[in-house]
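Shared between the two complexes below is subunit A, which has subunit B as its partner in the first and subunit C in the second.
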Partner chain A sequence: MTSAAIGASLPGEQRRWFRLAEWQLALPLSLAFAGLFLAPLLLLVATSFFDDDKITQPGFASWLKFFGDPFSYKVILDTLLLGLKTVCATVVIGYPLALVYLDLPPRLQKVLLFIIVLPMLLSVVVRTFAWIVVLGREGVVNQTLQWLGVISEPLKLLQTELGLVISLTQIEMPLMLLPLISVMSRLDPNLRDASAALGASRWRTLFTVIVPLSMPGLIAGCLLVFASATTAFISQTVIGGVRLIYLPLLIWQQSLVVYHWPLAAVASLSLVVSVLSVIAALSWLGRRSSRHLHA
Partner chain B sequence: MGRRRNFLDLSYTVVIGGIAVLAVLIIVSPVIVALMTSFTAGRSLKFPPSGFSFGWYEQLFDPVRSRPIHRAAGNSLEVAAMSTLIGVVLATLAALGLARNRARSARAADNLFMSPLVLPGIAFGLAALVYFSTLGFRPSLNLMIAGHLIVTMPFILRTTTASLSQLDPALLDSSQSLGASWFYTLRRVTLPLIFPGIAAGAFLAFMASIDNVPVSLFLSNARTDTLPIRMWGMMETTLDVRVAAVSGVLIAAAFVLMLIMEWTVGLTRRMRD
Partner chain C sequence: MTVHRRTLLAGTVAFGGASFLPAIAQAKGQVVATTYPGTWEDAYRTIVLPMLKKKDNIDLELAPLFAMDQIGKARASRGAPPFDVFVLDPGPRIVGLEAGLFEKFDAKKLGNLAKLPAGFADDVGVHVSAQVVGIAYNPKKLPAPKGWGDLLKDPWVSRLGITGFQTTFGTSSLIELSKLFGGSLTNVDPALVELKKVLPKIAAVGLPAAMPGLFQQGQCDVMYTNTQTVATLKGKGVDVEFVKPESGAITFFTTMHIAKGTGELANAYKYLDMVISKDAQEALTKPPYNFLPVNKDVPLAADMPMKSLDEMATYVQHDWSKINPQRAAWIEKFNKEMAK
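Here is the complex of A and B:
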């Protein structure tokens, strides 16, 4: 007797059996996740509660040492600020591009989307390298400004926070644009026409109609850019240099140079908690604004 | 009043249009600059490049002088291929099991499986290092595959779940009521219909693995390093123009891959939606 015949006679029974089997299909992934994701993270938390680099003395000394040092606070604050500055820059530069995307004919929209997505598929290392060439002493920016006679000595752009924020703006831009364009292209075009017909200028339409309605996409983009910029180890070390210290570099130094894993664990848990709490706050704001909109 | 509005609308066009042009410039120009630099005849990363030559590409493809780069590229491809393959199997199974399940536990599991996307990768990289060395493993490509699996699988799960939720349940019901077994329905109806979703996810996962730094940084040693780690090392030390040549190859590869994905599964449309 085949299962199909049983199914034909007992549809309800059959369906329940299916659901049980379907749920079980997630078991292999669950096992892999427990063994390769949850267990390592729990061990990381456990490691942070040891005092010495040999991981033999349990205690709170690593936490006390990390948070007793004003330098740690500075590094955490700098890391979060770097994320916020990058978010602001990507919004200011990216939002107008998303607006223009909406007004383009479909063919050009396709081309623009291709231009936006392509850098995303390029290795972060390649994009970081490109900025070394652009911002270096003999790079594009310095050569152009010197040729124009604006400056006589090359500007120092690499190993400064300004250079880092400029680079991260381009590196993280696709993460801002994709959710933004996704939400904006679902907006009803009649809303804009109605606003214009009622006499609103395009600026007023932008700030009273488009911006509030595209808030979910904007918030989603901000979240992605923030999470990515605060943890962009390669860009931070290569463009920021060794004197600009952010949490990822601190974690790397503590774990693979100094070999003090408990301190590295404390630093990385601080990174997780501080980044995730900013993300939680942003997405709470996003939910609130969309509820406000639908009310 | 009308003139004022005209002026305002003009200023809107100028400001918004101007920034948009600047944005496209910022997005595109570094890629073009890096590409041009890779053809320099000189020994430094000066711009504009001094002369045109394929010299750095010749050095890059020289099997003796660039052996560490070739080995790193091989490692990258192997880790990306294996972690994507395992990820496709595990994530497709899990998506089939969870996508239609509205139970709270199923939603929670789905959120948990997506969490590596928001967790700072460097924390997971360190956790994996501490975990594997506590268990007594030495650095190897297998450990890298395991680590990459966790951080790239969510891409496959997301696109596959999205395809499944767009699948018309009536198709599955009619297949069943026509007497097809569960497995036959899966093979002949479900999988062919969700295949573009799986393929798009696999592509994103593969690219994410090729690009991954935080996990590779902690799990690799000099023998098992991947291309991004090796390039990072070169940028931090010698800043050899070969980095530009590697970048050139990767830019060309990304361009070709993207055209292929666009023609086959409509990648940009999938990423936008």
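Here is the complex of A and C:
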């Protein structure tokens, strides 16, 4: 029963109190949201409209400098592409894993869920440095391939986009799997049986029944992975190196090395807006698929 | 039992307030000082922290931050510094001075002032160590390079790890490389042009903080760095040696400053006095830390690239007041030239 339904079932006096209490209960979170998110965001917007690093001269120079440089567009595009590539890789690997999870007995489901959540129990710094050991010139992958005689010279995996996407795929995988599994676990198993009984092949059942019904979880996973991969400063710089330039590196350089906070604010807002645009597009897709499903 | 809202609120406030009490009780003998991550942090935690506790009963809290990060955090805190003492290289020191981040320094409050060479303490702060920047290489993988120019030649270039202008050692090294190809203190373009020619061969281009890890993992076997990083890597059993380039190693002094608006002024002076004391400096000079001391009573370690502090005059030193105005543009240029 929802809280609104509980409130409606109460007598008049109590119902009024309940509504009041509901409003009051939401107040701390609303205040925290306003103070800790909205206020800094407005401050960021205000800072971006200054021309100098001392933040004394208001103007549009920082915006003009950032968007007057073609390099900025390349960095924005590379950042978004990195997010999309990571999303694709996590979907390709994560979705079959979620299907396997569905067919497992409850005891093994718990084991798999623990394995999925395990990376989240480690600091992202530790996970990132572990990938240096795995992908490095003298790392596990290269040593194994050399030992097997597949390669004679070590492959360059670290400081490449391929290496970065591989590591981000592992690092972000729980963010894809948890919402996906949560939605897929609630699917009625009878639907699959009904589809099979009506003569649909396993593939047809997958694409016409399971995938559409799991779309809300898939979209939620994509949103989380995309937002996290595009802003993963540590992984991007430590595994990718500084030849692969993404927006978080530019923001760090402008805010903590050069101290040009207006430019850092412009770069930050560009990151926020570009990531939110893709997220909005993904949400729209999710709503569209949901409407299509219910129709 | 009925618990009224007011009683609950009062109880919560009292409970929350009580949680601050231990902090107030401890605050009397405390100082928060920044330190560079890595060797500096290890050394200060192992040596200076227990010494300060024993002598003055002051709890030293170390905040590991690179110099530029310290300036950024102090500027962001606007008058309420998150730490009491800065440790800085010459470039960030000038930025801190211009931003008015330091308390006026009264060197007379240092009991060990007489043990420092003349000019090592002024009305801004105090010199606490010297640093030497040169080339680190893996002797099991490569022959010793002779100078900066060798870094761009085979066999070194294909094992080279470079970093940009974010740090003092990175900036200084690129300036010296630039000088070999016609550049100067304020013109690093020749270095970037030469680096770009060999860019596909270069083993790693990383953030300064990532370089020791990349060297340790064999991702690169030669890089420009300071003697402290070499000491740390050696301490971890990594095959690494330091080379003084034939055109001269770069040297600069590391200074400490008291943060403006600190509530721990007296403790900050006691901490700084401890840092420059004979006991602390002598211990910091020994392996695996190998600091270059500033206390006149402390001899330099045998394996240092110099025999005395006076010799530093013959080393390469850079005027950071001329470098600082250029750095933002250099960082931007480095990004564009090195980007894939």
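The rule is simple: the second predicted complex is superposed on the first by the 258 of 295 C-alpha atoms of A that agree within 3 Å, B and C clash if a C-alpha of one lies under 4 Å from a C-alpha of the other, contacts with A are read in each partner's own complex, and residues count from 1 in each chain.
Going forward, a residue touches a chain if its C-beta (ideal position, glycine included) is under 8 Å from a C-beta of that chain, and two chains touch if they have at least 3 such contacts.
Given the structure is predicted, the values throughout are model-derived calculations rather than measurements.
Peer 1: Just to be sure I read the superposition right, which of the two partners does A:133 touch: subunit B = first, subunit C = second, or both, or neither?
Peer 2: both
Peer 1: Going by the contact rule set out at the top, does A:260 touch subunit B (first), subunit C (second), both, or neither?
Peer 2: A:260: touches subunit C, not subunit B.
Peer 1: Quick check for you: in the superposed arrangement, does A:158 touch first (subunit B), second (subunit C), both or neither?
Peer 2: second
Peer 1: Touch check for A:150: first (subunit B), second (subunit C), both, or neither?
Peer 2: In the superposed model, A:150 contacts neither subunit B nor subunit C.
Peer 1: In the overlay, work out which of subunit B or subunit C sits against more residues of subunit A.
Peer 2: The partner with more contacted residues on subunit A is B.
Peer 1: First (subunit B), second (subunit C), both or neither: which does A:198 touch?
Peer 2: neither
Peer 1: If you stack the two complexes on chain A, which partner ends up touching A:244: first (subunit B), second (subunit C), both, or neither?
Peer 2: The answer is second: A:244 touches subunit C but not subunit B.
Peer 1: Contacts for A:269 in the overlay, against subunit B (first) and subunit C (second): which applies, first, second, both or neither?
Peer 2: First partner only, subunit B.
Peer 1: Have a look at where A:99 lands relative to subunit B and subunit C in the superposition and call it first, second, both or neither.
Peer 2: first
Peer 1: Residues on subunit A in contact with subunit B in one complex and with subunit C in the other?
Peer 2: Correct list for subunit A: 129, 132-133, 136, 138-139, 237-238, 255-256.
Peer 1: Within the complex, which stretch of subunit B touches subunit A?
Peer 2: Counting only subunit B, the residues touching subunit A are 5, 8-9, 11-13, 15-17, 19-20, 22-24, 26-31, 33-34, 37, 44-48, 89-91, 93-94, 96-98, 100-101, 106, 109, 112-113, 116, 118-124, 126-132, 134, 146-147, 149-150, 153, 157, 176-177, 179-182, 207, 210-211, 213-214, 217-218, 227-228, 231-232, 235-236, 239, 243-244, 246-247, 250-251, 254-255, 257-258, 262, 267-268, 271-273.
Peer 1: In the complex, go through subunit A and note every residue touching subunit B.
Peer 2: 2-5, 7-8, 14, 18-19, 21-30, 32-33, 36-37, 39-41, 43-44, 47, 92-94, 96-97, 99-100, 110, 112-119, 121-134, 136, 138-140, 143, 169-170, 173, 178, 181-182, 185, 199, 201-203, 206, 227, 230-231, 233-234, 237-238, 248, 251-252, 255-256, 261, 264-265, 268-269, 271-272, 275-276, 279
Peer 1: List the residues on subunit C that touch subunit A in their complex, please.
Peer 2: 68-69, 71-72, 75, 95, 163-164, 166, 203-207, 210, 213-214, 217-219, 327-328, 331, 335-336, 338-340
Peer 1: Which positions of subunit A touch subunit C when the two form their complex?
Peer 2: Per the stated touch rule, the residues are 71, 74, 129, 132-133, 136-139, 158-159, 161, 237-238, 241-245, 250, 253, 255-260.
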